[in-house]
């Protein structure tokens, strides 16, 4: 069953089509790899589906129920969607633990001012930070973390959105989460992705490392010049000539 | 002694103002240069209600806060269409508009002539006319504002404000309608500033537009930058320094024909040195 | 680093407090008369305040040997705002224990000092406060002003307009609060007079130098004369020049600020024909003598500021009552209510019951061939 579908969505920047009439679907509970050469539209697609930028044409169907032509960024979590960013976007001058706690807060102004469930949130934050091995750094400022730790914190923040607390996220976009990570840290992120799948969540992973794609993904979508080039199970897709030519340059 | 009480009262009033702006600039990252406008609305509300309608001072504070809250929501909504430097410029423009209203709506504000004869507060027979009693009142308000600010900034709401300051787009993606949060804190900051205005009007017993010009907004901004953005204690320390310093310089013996100018130069030099060696402010950790 | 900052701040605050407390604990030296001078030395009206200080010093030079005790002037900066004015007045009264205050500059714009002086019973004479604008002035018996009664100046202008058979007048002024207030007053008096219609009223921000649109608007209303009032007198030259460029050949009335040699030098002949009311002191030899003393003490280039003569007269009246033996606040106030002394521009400087300098006459003047000339 498809949890998310795009119907001929288009995005252009000053006449340059970053995503061009793209129709793709993402299966519920699976890990889908989104691959393609640089500039193929992968990050643009994620930005469109998370409201960071707006669709010029086409629509998006969410959970087979709602068809939308406009996604506002603050509505994204209502659709059960969350993400990490390609360039790490943490709340730099806040503590590590606050970077997690802030996404656990009630979304309503009044409720957040008189927050209840503080103990629950702290427990959840501890759980998440331990999962990404940052619990010891919880009282450091995010800007003082190393590059790899910052990546892990972003993953942790995204993980906190599956908080088992009513407004759970179901769809997780990870945009190049492994870039620049040491092997030890990669294992942590792989562990998080597998954990999400075990929970029945849907993961969409943008990644250039083909080994990781082969290891983790149930399904692959290949983009090129903003269009769909191929889609299917990894063994099929990665053996296609056009994919090798476009992506691997062979 | 009365002179020291006078300085303490000014510290109290400016602390309230600075804490109010700190919520908007320091914690939320909205570079607002319009706080003197809200300060002025509160002052004029009290001045008009006391002199023309004989209203009780404390009631006039509530009315002033309501008026300021409504105005700030309108201004805040318009300003929310801008980012960064454009927000600052827009807020700058609003301060000028509000100042012009104070100056030109003569039937209400007496324009450049100002409103004199504003009485000191009284409540249930207790008269706050004596400066020492007025100081106690100012301290009570300042403490209330300080603890309210602390409550706000330590709450989950405060955490969201900081996230907005750090990366608004990112926190939006996690489900926060940042417009509502920004409008709320803008209105809270404005209403707190109006309390300072009411106290100012009653203390000086006279208001005129010149006290609420752009230069006052810039002065309040300077206080919070000097004291330390997003640090309530730092902000109060900034107030203490910027109120006491020029007064202390009155006692430094420069030759009388250049004394005033030398004091201004000395004041300016001290500020420059502080910013050179402590750009995050005296107690600040956050840089703009 | 934080500790060092704390230490520095604590030291600064302590030094400040020590000064204050030490000053406060100094026993009042009754052998010296202390007079406060609360003026704007760094704000918007700094050129007014600078002139006021010099004038008071010059007046003291005339009186120091006539008063039985030495007189010390304590000068405080009001910084051109309400808070600065209140701080200056409080410091002078509470810390320096002055017996009277000359000031504040623009006492009508910064009224915060008045209730303090009234409460403490200290006489204040402002050289630049339009008493007519003060609401509830009767509550402030310790406040006096030696600024020109605006009604005298306005009535002199209106009389001249009537004599010149002006029926249609345009008024142009900047948005300085005082200028708005005076031109409002002029408009009100003209309307009450009934012979002249105000056909146009244009306001602009202080410092504007491009008047072409304003002049075009005025021109369309066909006035026979225009009255202009500005705070930044350097804008008068461009106005006069642009009037001529747009062929607007009407009479131009303005304020005593027209007597500005800088303007005449920068815009030669542009001001010819301009009309203004001027206090009659200008014809007085005492004024010329005062200017000579100013130049002798402060240099040939010393500027006066718009309230120089007013401050000199304020100081003269105060020192006269001190010479007569008044020492306490009440004695000084009561003596000021009775004082009658020659000053600059008047043989009988005295205050009305409202504390306003009275019997100031204005004459009409014009500029001809870059010279300031009385219209007889």
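Order as written gives the chain letters A, B and C; numbering starts at 1 within each chain.
Criterion: a contact is a pair of C-beta atoms (placed from the backbone, for glycine too) under 8 Å apart; a residue touches a chain by one contact, two chains touch by 3 or more.
Because the structure is predicted, anything quoted here is derived from the model rather than measured.
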Central chain of the complex, centres being mean CA coordinates: B
Maximum centroid distance from subunit B, chain identifier (CA atoms): A
Chain centre separation (subunit A, subunit B; CA means) in Å: 42
Mean-CA-position distance for subunit C and subunit B (Å): 31
Inter-chain centre distance, subunit A versus subunit C - centres from mean C-alpha coordinates, in Å: 70
In subunit B, residues with contacts to at least two other chains: none
Set of subunit C residues in contact with two or more other chains: none
Residues of subunit B touching subunit A in the complex: 152, 155-157, 159-160, 162-163, 165-167, 169-178, 180-181, 184, 285-286
For the subunit B and subunit C complex, residues of the former touching the latter: 1-4, 6-7, 10, 103, 110-114, 116-117, 204-211, 237, 240-241, 244-248, 250-252, 256-257, 259-261, 263-264, 278, 282-283
Subunit A residues touching subunit B - in the complex, by the definition given at the top: 50-52, 73-78, 82-83, 85, 89-94, 98, 101-103, 105-107, 109, 112-115, 118, 157, 161, 167
Contacting residues of subunit C [partner subunit B, same complex]: 1-2, 5, 9, 12-13, 15-17, 19-20, 23-24, 41-42, 53, 73, 75-77, 79-83, 86-87, 90-91, 94-95, 108-112, 114-115, 133-136, 139, 175-178, 180-181
